[in-house]
Amino acid sequence: MKRTWLYTLLAAMIVSALLLTACGGPQPPATQAPAEEPVEEPAEEPAAESAARKVATFIWTQEFDTLNPYYTNMWFSAITQQLWNAWAWDYDDQNAPHPVLVAEMPSEDNGGISPDGSVITMKLRDDIVWSDGTPITSEDFKFTYEMVVDPNNAVASTYPLDLLVSLETPDERTVVMTFEEPFASWQATLWHGLMPAHIMRPVFEAEGTIDGAAWNLKPTVGCGPFVLTDWESGSYARFVANENYWLGKPKIDEIFMRFVPDDASQVAALKTGEGDLGTFIAYSDIPTLEAEGVNMITVFSGYNEGWYFYLDPEKGHPALQDARVRQALALGFDRFSLNEDLLLGLTEPAATYWDNTPWVDPSIEPWPYDPERAKALLDEAGWIDTNGDGVRDKDGVELVLTYGTTTREIRQDTQAVAQQQLSEIGVKIELFNYASDIFFSSYGEGGPAATGANDMFEYSTVPNFPDGDTSEWLCREIPSDESPDGINWPAYCDEELDALFQLQVTQVDFEERQQTFYQITRKIFEEALWVGLWQDPDIFAIGPRLKNVKLSGATPFFNIQEWDLTE
Amino acid sequence: MVGVSRSVDDLLTPPLTLRQLMWLRFRRHKMALFGVAMLILLVIYSFGGAFFFSEAYANTTNTKMRLQPPMAGHPFGTDTVGRDILARTIYGGQISLIIGLTAALVETIIGVLVGALAGYYGGLLDSVLMRVTEAMLSVPQLFLLIVMAKFFGGQIPDLTVMGRTFSGSVIVIISIIGVTSWMYLARIVRAEFLSLKENEFVLAARAIGTPRWQIIFQHILPNSIAPIIVSATLGVAGAIGTEAYISFLGMGVRPPTATWGNMLDGAYNYIETAPWLWIFPGMLIVLTVLSINFVGDGLRDALDPRSRAT
Amino acid sequence: MTRYVIRRLLQAIPLLLFISMVLFVLMRNIGDPLATMGGRRVTRSSDRERLTRQLGLDKPLYVQYFYWLIGNDWTKMDLDGDGVAETPGRMRGVLRGDFGTSLVNRGKPVLEVIWERLPNTLLLMITSEVVVILCALVVGVYSALRQYSLTDQIVTTISFFGYSLPIFFIALLSIYIFAVNFKRWGLPYLPAVGMFDPQVGKTPSQVILHMVLPVFSLSFIYLAAYSRYIRSTMLEVLSQDYIRTAKSKGLPRRTIIFLHALKNAALPIVTVVGLDLPFLLAGAVVTERIFAWPGMGRLFLDHVSRADTPVVMGILMLISIAVIVFQLITDIMYAWLDPRIRYD
Amino acid sequence: MNTYDGINLTATAAADTAPPLVEIQNLVKHFPITRGILIQRQVGAVQAVDGVSFTITQGETLGLVGESGCGKTTAGRTILGLYPATAGVVRIDGQDLMTAKGADMLAIRRKAQMIFQDPFASLNPRWTVNAIISEPLRVHKLFQSEQERSERVRDLLELVGLSPRLANRFPHEFSGGQRQRIGIARALASDPEFIVCDEPISALDVSIQAQVVNLLEDLQDQLGLTYLFIAHDLSMVRHICDRVAVMYLGKLVELAQKDELYENPLHPYTQALLSAVPLPDPAAARRQRRIILEGDVPSPSNPPPGCRFHTRCPRTGDRCAESEPVWRDAGGEHFVACHSV
């Protein structure tokens, strides 16, 4: 008798939790339109017709933190923007820009770029509207600019809008941006998303900030081919076709985004058909997915995996100060068989940080595997094994280097292979792995890469793809106790290189700028300041049901309105 | 009715010491003997195997031979960079066995001490110890491990045991696991003590003048041995798994050194495609834990005179 | 007893303050919220500097803690970095029920972040806990009664497989067997991820179907721990005198087992369950991750890995309170199970 | 001279010149009741034993009887220092138990032992009989070698009527009576002079009770032991004791030579207790008038004022609720505390 209450209680708890979770979300696809949603799509479709709806399921291994494009650095949030919040212009699968919000790309010829390159004028299309029907005007651009630079808004990045001297809107269709200096990277960096002034301005006026605006997390008004209807944290986000999209209503009715944080379950879900699209697929899973009829597409978005060395003249390992030692390390590691075996031949060894962009000197070939030349270079540099312990040394310092990276499997495997191969040329390597959030912590937070806790590091970062600009090698970015936020983690300062980087930022002329970058890439390659391992493309798995899929590196879903589902 | 109607032969058992009796009871326990034998074999496998394969061999990569199923030359197959899994389970076993057994021991010692003192003395000491326990419990182990990873990451000196240098300090891992996992046992032991100390045999011991530590450790503790043994057994499996995670956070055994735990972690993406990556280390862990459980079972029976095992 | 409860609850206040202080300090050491901000690119130094100021991370740690505790709406903040504090603070502090806003989902109140996940986690975890306890009772009692029988040995071995192997193993294996391969073989297969199928919608039957694999994995893993405790304490109790007495009195077997033995064997079981219950709120990190279950475990992991202090502190304080409450309940249960145990 | 309630305590000592082996003066044991949450203050006490005084001479058996909950077990345990006394003096063989520490305490423990009520709970189930009985030998370091200790254990087993061969068995293999013998052997191991027998037979079958009591008597004869025999069963007490003390709600109400007490009970409480004892003689039994006490035993945390028995006393008068009756000698070493006597 005593125990019955316990059972009753437990049963009641389970039932109520079940009801809470089941009823907490909407009962799709009969999506009940939230109150603030004025115009809405086939919301009250009866359940019987639901089978006719084309629902594509995307699997995201990371959930976006926020959907406001200016409040996030997350790649998953950025690529999701292609669905619901248009950029001023997209890039196609050849990384060529084509206009979306603007009528045509600004150029010197059409007067969009001033001769000195410091003023850019955008002409907006006439037919652009928010998904609720409100026209998109220059006012939305001006409002977005003001919000990004306002100190009350903790946006993720103010770049590049903080470089603007002014933003003028002479009329509803024209946006004039004036920069202090010619701004070379404008095309790749400007207008990655737009905020609807008619929704956000009242919030800002009421609260003094848009940090807490409901639209950030639930932007049911957007300007892409799809529009968000709901987002349940940890579970899913649902996008339905935007009837008002000016480039044509999408063929797919609904995109259901499922958040599956685990790689292995993502693969399983792709195999069971619970997902039609996935990304961030481990190389090792590619063959089995292909065997299940899943299409694998690789697109380059500028990432190249490579070795960084800690080059601080005082705190770094003395051997690494010598370019010959760095070259020997590059020559002593066989990145070709690494690509062939561990990466299954799906990618190529990287030569420079700018591989697969227009900025790399095409004459540069990756370092070959030549252990003999590596040994000769080390001998030449004075690093010889004097005590017979199998490890080279000089002036009593052993050539023992510590090699740190994150815990990603392919990186750990690379470490193991590199350790063995470099030991064959007399370099002893000790391996370290860090959780990635710790690995990438800043100098102020004691991050190992930022503070030079190890001698060499493996990771990949990206210039502003498809632009080539980066501030990673600038002298002023060397982190120190005074400037703990610096991102020049190799702590490398070379006046010539610094000047070249400063120069390319202002070169609006493509060819001139390309030449500057050729100089940069050649210098970094020849001095082995950065040693490429492999080109690290984004890998998408496209389920057999999806058709017409094209992907681009910078804006993957540029043609999503043309995608279709077949049964 | 119980002891009265014994046969004369039964009554004539030669006098034995408590220890002899325990051994007698333990010996009759076949699964426990199997467990002891198995543990000895596992130790021989891990430590004796080192005579057949060098550590360098265990870490030799050959990317051309990656993910080979069991075959001649590689009876357990090869891993993702072509290392021999047999040799790696041998070297991994050394670390995993040391960590699994000693970390569980540390955990047990701390847990028993805290629980026994809190349960026996009660009052203020109990309050203080239990509040500390609650505070420790409130911090998830995962969280503590991440914080410690940040503090210790890459700073732990090497340790040489039996002529072998263990990358990363095994002692630090053992202490970390021990320090972050004793709370369950402490609560269990305390509960047992709260109940057992009210028994008259405790009063009897006090009347005799038996010192307190003897009452705690010789009178009460043996009576709460059953859950302690279970906890210690489960602790071994826990420690082997936690070690892998600590290493994963960059605080523990540094790659390319193998442990059973990190070999299992490395098999993550190959559960279906390359099952030999996990079958062998997995079986070894299961065998270890099972053997310890059987030994524990036998020990429990040997220590419990009322058990019906014999 | 009432006084004991009140005393314990009052003791909880300084304890919670202490725990929160320690956790806050640890939290600030766990990582760098601005390192990459979840992206693949290291945060630009000028954005870092600005965000540090805007999010209040430039303040000394004790100031951050006090703002977290009592809020900062009584003072002004310098958001634009000109050295003049002009913007009033917006936090009301934990003591006034404001756990702040998430750094990751910028601007989203912590309680809202947690509340979205809590029902999902409770659904999964309570179901699993009930399944585990029921199965463990059956297995534990059975193998205690039939000690060293073949069934006992087999069940022991199987449950130790579950316990010895990492959780991800059982979870992934069950996905491969019951979802991927069952589908391949044309058998009725179970869904691998999520809470429902978007084509059908979030109906109770869908949720139940999607719960099968995670509940199975969780239960399988914890079965060994629970059933071992039950088995060993049952063995202990079954051999004790009062059970013999009860038997000799001719009480029915079931009454003996459940009324006498189980109640007396309950101390360790109640202890373990009492220790586990608060963590039902915390969810199951790995299981939720693998089955893409939108629960607290994943929330915790996601926000820990991005050092989102407000959210993580919110979760940890929730757990701390649950730990304290359940430990108190456990202690009360002791006195009920063994009336000789007194606390005053 | 320590006085309590105006009574000269020395008067209670046995008339002979030999000093008593056990001397209890004014023993008080209160279990505090506290209130307050952070700062605890005492608001009352469970007055389990409240001013009990008596002496026991060498070789004598003093019975201590009363209903359950009257404090007699607490008294027994406090006398042996198992509970710290709130006040009073306990002297065993001249040594003050209240102030004794360390080696002195150990010496007293050696001399004063206890036999417990529950033979099932008082033996550690994990220990062999040998270990249990030799524990006092080890604690008091009475023999050097394990061998000698084992021999002593065997002697003790024989002494209490158990086969020495059973030394390696465990408690659960024995019956209740046998276990009680083991408990007795343990109590005897350190060669004590004084043993508190805390209801040693109440948990046993009636058929066994007599055996154990006879054993205790035999041992007393052989070893010259002194007993404090705590019981609620008056008939067995009459059999074994020399003198009997009756306790009610933490206080002694009557103390006399057993025959005197049984033949001529003065206190109404004693009379009530005796009236419940079945008499072997049918004639006497017929004569016996059963006195049934009204009501329940009051709570020891809030005992009634005046005479503690007055709430249930058939002879209660006005004085009884106001002043506490004086503990006095009603003649012939027959002590009683009652206004109406």
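We call the chains A, B, C and D, going by the order they appear; numbering starts again at 1 in every chain.
Note that a contact is a pair of C-beta atoms (placed from the backbone, for glycine too) under 8 Å apart; a residue touches a chain by one contact, two chains touch by 3 or more.
For clarity, every value in this text was computed on a predicted model and none was experimentally measured.
K.L.:
Which chain pair is joined by more contacting C-beta pairs, B-C or A-B?
P.N.:
B-C
K.L.:
Work out the mean Cα position per chain and let me know which chain is farthest from chain D.
P.N.:
A
K.L.:
Distance-wise, how many Å sit between the C-alpha centres of chain A and chain B, to the nearest whole number?
P.N.:
Chain centres of chain A and chain B, defined by C-alpha means, are spaced 44 Å apart.
K.L.:
How many Å are there between the centre of chain B and the centre of chain C, using C-alpha atoms for each centre?
P.N.:
Going by mean C-alpha positions, chain B sits 24 Å from chain C.
K.L.:
So the centre of each chain is just the mean of its C-alpha atoms; given that, what is the distance between chain C and chain D in Å?
P.N.:
Here the centre of chain D sits 54 Å away from the centre of chain C.
K.L.:
Could you please state the distance in Å, as a whole number, between where the Cα atoms of chain A are centred and where those of chain D are centred?
P.N.:
Taking the average C-alpha coordinate of chain A and of chain D, the gap between them is 85 Å.
K.L.:
Residues of chain B that contact two or more other chains, please.
P.N.:
Correct list: 1-2, 146, 150, 268, 271-272, 304, 306.
K.L.:
What are the residue numbers in chain D that touch two or more other chains?
P.N.:
Each of 125, 172 in chain D touches at least two other chains.
K.L.:
Specify, in ascending order, the residues of chain C that touch 2 or more different other chains.
P.N.:
Answer for chain C, listing residues that touch two or more other chains: 31, 168, 172, 176, 180, 239-240, 301.
K.L.:
Using the touch rule from the top, collect the residues of chain C that touch chain B in their complex.
P.N.:
11, 15, 18-19, 22-23, 26, 29-31, 147-148, 153, 156-157, 160-161, 163-166, 168-169, 172-173, 176, 180, 224-225, 228-229, 232-233, 235-236, 239-240, 244, 248, 267-268, 270-272, 274-275, 278-279, 282, 285, 300-301, 304, 312, 316, 319-320, 323-324, 327, 330, 334, 338, 340-341, 343
K.L.:
In the complex formed with chain A, which residues of chain B make contact?
P.N.:
Against chain A, the touching part of chain B is residues 59-61, 63-64, 66, 80-81, 83, 146, 149-150, 153-154, 167, 248-250, 254-256, 266, 268-273.
K.L.:
Touching chain D in the complex: which residues of chain B?
P.N.:
Contacts found on chain B: 1-4, 6, 11-13, 15-18, 21, 199-201, 203-211, 214, 219, 222-223, 303-306.
K.L.:
Provide the residue numbers of chain A that touch chain C in the complex, in ascending order.
P.N.:
The contact residues of chain A facing chain C are 10, 13-14, 17-22, 24-30, 47, 50-51, 53, 55, 57, 59, 62-63, 65-66, 71-75, 151-154, 156-159, 162, 208, 211-213, 216-217, 232-236, 238, 254, 256, 258-262, 264-266, 268-269, 271-275, 303, 435-438, 440-442, 444-445, 447, 460-462, 471, 477, 483, 485-487, 489.
K.L.:
Looking at the complex, which residues from chain C come into contact with chain A?
P.N.:
31-32, 34-52, 54-55, 79-81, 87, 101, 104-108, 113, 116-117, 119-120, 122-123, 126-127, 130, 168, 172, 175-176, 179-180, 183, 189, 191-195, 197-199, 201-204, 207-208, 289-295, 298-299, 301-302, 305-307
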